[in-house]
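Two complexes, one shared chain (chain A), two partners (chain B, chain C).
And now, the complex of A and B:
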């Protein structure tokens, strides 16, 4: 459904995309995962025909994004990263406007948005600017769906949205996928990667890896340990100590705990505990854990750096 | 078609919901017209003067009375000697001092000649010149009447008649000028700002990724402002007519055609600006500086084009309001029809086509 071949794009001297290729199947929920500045927005803008690639090609439903841009614009639903609806129009007026712009009516495709729109329908006479973050996203999704697009492109739809709304939003995407809509979604949140059928890990304009979330984490070959500490100060001290420990490849702070990797069989939980205890760090627990997408990402980024 | 109507409807909702836009659309035209009509006037009334009468005889007193009763002047002070002249000008209220020489009446009788010195505050040269002209006129008139019996060798008398504006009412000049200014403000500035707003708010991104064509977006933006500008034009013409007595001597149809043409020109200029400006600030800046100032200064609205240096005169030819104001005056004040204003119409048409073609060429279907 979406085909990207060796796309390159620069802004002046800054290379935003350095030769990206990927393919998204029909009805797939595909995630672009990567930090800010990885090139997610640029790639999406090329796909929705807002930007021209410097090199390479991209096809949406078999249509070229450069020469067939008019046709693509009728079959794609796009939700930009920034909330981009009319804040001085009401919820209903916004939806009505976008339905008309695409030459349709709200009624014609109501079945597509029923689940989502019914949640904000009680506020249909409220100005869009006065909605909460989660409701804004639901409205924006409704507006991008009202013309029954074949492909849905969502740029960081859950950024700045509370945890509950985020969860609901992903459930909605899941339902839409079952209705046969191909969805390309980007997110800086690694934990959301597991909710996609397949993901591409993006960093500095290159793709580090493309696979199902399961395969990506399964491909993590090193031993991974989580170190739990008691206080923030202790966490800082332990990070410093672990970085100096022999046989440890990487040390990263992961919220409350520390993740360390090693590919030496000699290093197990007990060695790490003893090492830290021997340097005055008490009350810590070390356990072997399985890798998350974020661990893989860190690993890949480190390899890339070397 | 439905898409376009939907767009126009949305645009009207934006306008009616934003009180600032409404004030600019309907408050500013009325306020500006009133300001230009009442406050900024070149007619002089009650200018303060001082008199230094070295002679103080019946002739000088009579002359002074005549000057003061003309309505143009008001006596601020009677001076005693020359040393008082400088301080009184420096105080700033007095615009002119009239000095009669010693033995004025005697000299006039014996030598047939006496001197009046008129000293004017030329820090405002236009006013100074006008005050001098008024004074001179009154003195000439006085001598002519007083010595009517005397034979003055060969005299050419000029009778002046001010055609089309017999009473020299300033509003006759300001109403067409204000109309040019207001329509430019509303049409060009508002359209450029509203398109720039779509870019700034990110909504342009969604509009572009929709089946809407460039012509839909442009027409949808322009149509509401065309309608509102026409309403404004009607308000200005009616107010000018009823409040300031500016006549509409020409055909209403020609007038309407001229106004709609000018609005269309201003709208296409607004679109052109919006293709360059990416934020409302920039749009406001460009339309403010690039449109308002030339409209005020180079169009002949306030300063006569004939008095400008030659380079500015040439430049003023490029100012659309120049041709509009000229044609508007011809139609409203002289009652001229198309047979007189066709060159202006042709020029405005050319400019419109040029701006439209350029903005369609510059309109970007993408973000870059």
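And now, the complex of A and C:
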């Protein structure tokens, strides 16, 4: 449904995309995962015909993004990263407007948005600018769906949205996928990667890996340990100490705990605990954990760096 | 075609939902008509004239009385030294100082000629020129009179002379307000056309809404027309309102056909809006648009012939004025309002603004990119 072949794009001397290729199947929920500046938005803008690629090609439902841009605009729904609806129009006026400029009506495709729109319908006479973040996202999704697109492209739809709304939003995407809509979604949140059918890990304009979330984490070959500490100061000290420990490949702070990797069988939980205890760090627990997408990402980034 | 209607519907909702809009539409023309038209007058009244009469003869007293009789001058008599008269001008207490030297009458009678000194504060060049000219006229006519008297010519055979009796057409009383009001209305419609439409477009860029709009199948010219129509409508409404205000408050005559004026103004607005939209198509922020538009607006207004006649500008500047939209509409509106000119009386202007407008519109549509 979406086919990207060796796309390159530069802004001046800055290379945003360095030859990206990927393919998204019909009805797939595909995630572009990567930190800010990885090139997610640039790739999406090329796919929705807002940007021209420097090199390479991209096809949406078999149509070329450069030569068939007019046709593509009618079959793609796009939700930009920044809220881009009219803040001085009401909820209903926004929806009405986007339905009509695509030559349709709200009623014709209401079945597609019913689940989402019904949640904000009580506020249909409220100005869009006065909605909460979560409701804005629902309205933006409704507006990008109202012309019944075959492909939906969502640029960081959950950034800046509260945890409950984020969960709801992903449930909605899941339902839309079951209606046969192909969805390409980008997110900087690694935990959301597990909700996709397949993901591409993007970093500095290159793809580090493309696979199902399960295969990606399963491909993690090293031993991974989580180190839990008691205080923030202790965490800082432990990170410093662990970086100097023999046989440890990487040390990253992961919120409350520290993740360390090693591919030496000689290093197990007990060795790490003893090492830290021996240097005056008490009250720590070390356990073997299975890798998350984020761990894989860190690992791939480190390899890339070397 | 239906797309344009939906776009217009959206634009109108947004324009009238903007709380600043109604005051802009109704207060701006009121202020311009009631303050600017009165303030921007070039009529000279009550020029401060100081007469220093060192002769104090019959002739000088009569001539001074002539000055006093004119409503043009506000006269003060003073006995001052030449350094004191300099001070009068320097401190701005007087605009004009006329000095009759001692022995003025004696010279006149004995030598048939006498000199009078006129000092003019020329900080404001055109006012100085005008008041000097008026003073010269008064002195000139007095001159003829005393010559006739001295030559002893009987009253029934006045000396031969050509007398000019001017007849001012289209504005017989030389009412300056009639001349200014239509011109100021041009500035009004220009501000609305140029600023509101171009700021509106670039605002879509600033707010990011253009990104959502650009992925829709809306055609570029649909979008540009959608940005023009609401402000064309508002500008014509304001023009009508401004003309009404002028009619009610100072009896501005309207000799032409209002439809003629609408046709000309619409073509003109199509032109200035295209310029404005071109500027906003190449800008990213409202600040940039304001800055560029403001610069051009000032140049256009000063060269438009609103305050100073275009004919008195150097030839190269007159040629440059061919690309000044205001130059055309100010001519047109004065002719339509005061002279009653029709479309065919100004075909040259009609053709010029139409083609100029089409060119700028194409440029704006071409430069507006649906890609970012």
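Here is the rule we use: the second predicted complex is superposed on the first by the 306 of 306 C-alpha atoms of A that agree within 3 Å, B and C clash if a C-alpha of one lies under 4 Å from a C-alpha of the other, contacts with A are read in each partner's own complex, and residues count from 1 in each chain.
Here, a contact is a pair of C-beta atoms (placed from the backbone, for glycine too) under 8 Å apart; a residue touches a chain by one contact, two chains touch by 3 or more.
These numbers come from a predicted model, not from an experiment.
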item: Joint occupancy of chain A by chain B and chain C, clash or fit; value: clash
item: Touched partner set for A:102, first chain B, second chain C, both or neither; value: both
item: First, second, both or neither for A:76, with chain B first and chain C second; value: both
item: Overlap of the chain B and chain C footprints on chain A, listed as residue numbers; value: 45, 48-52, 70, 73-74, 76, 78, 80, 82-89, 93, 97-98, 100-103, 143-144
item: Contact set on chain C toward chain A in their complex; value: 2-3, 6-7, 10, 13-14, 17-18, 207-218, 370-372
item: Chain A - residues contacting chain B, complex; value: 45, 48-52, 69-70, 73-74, 76, 78, 80, 82-89, 93, 96-98, 100-103, 143-144
item: Interface residues, chain B side, partner chain A - complex; value: 2-3, 5-7, 9-10, 13-14, 17-18, 201-203, 205-212, 365-368
item: Residues of chain A defined as touching chain C within the complex; value: 45, 48-52, 70, 73-74, 76, 78, 80, 82-89, 93, 97-98, 100-103, 143-144
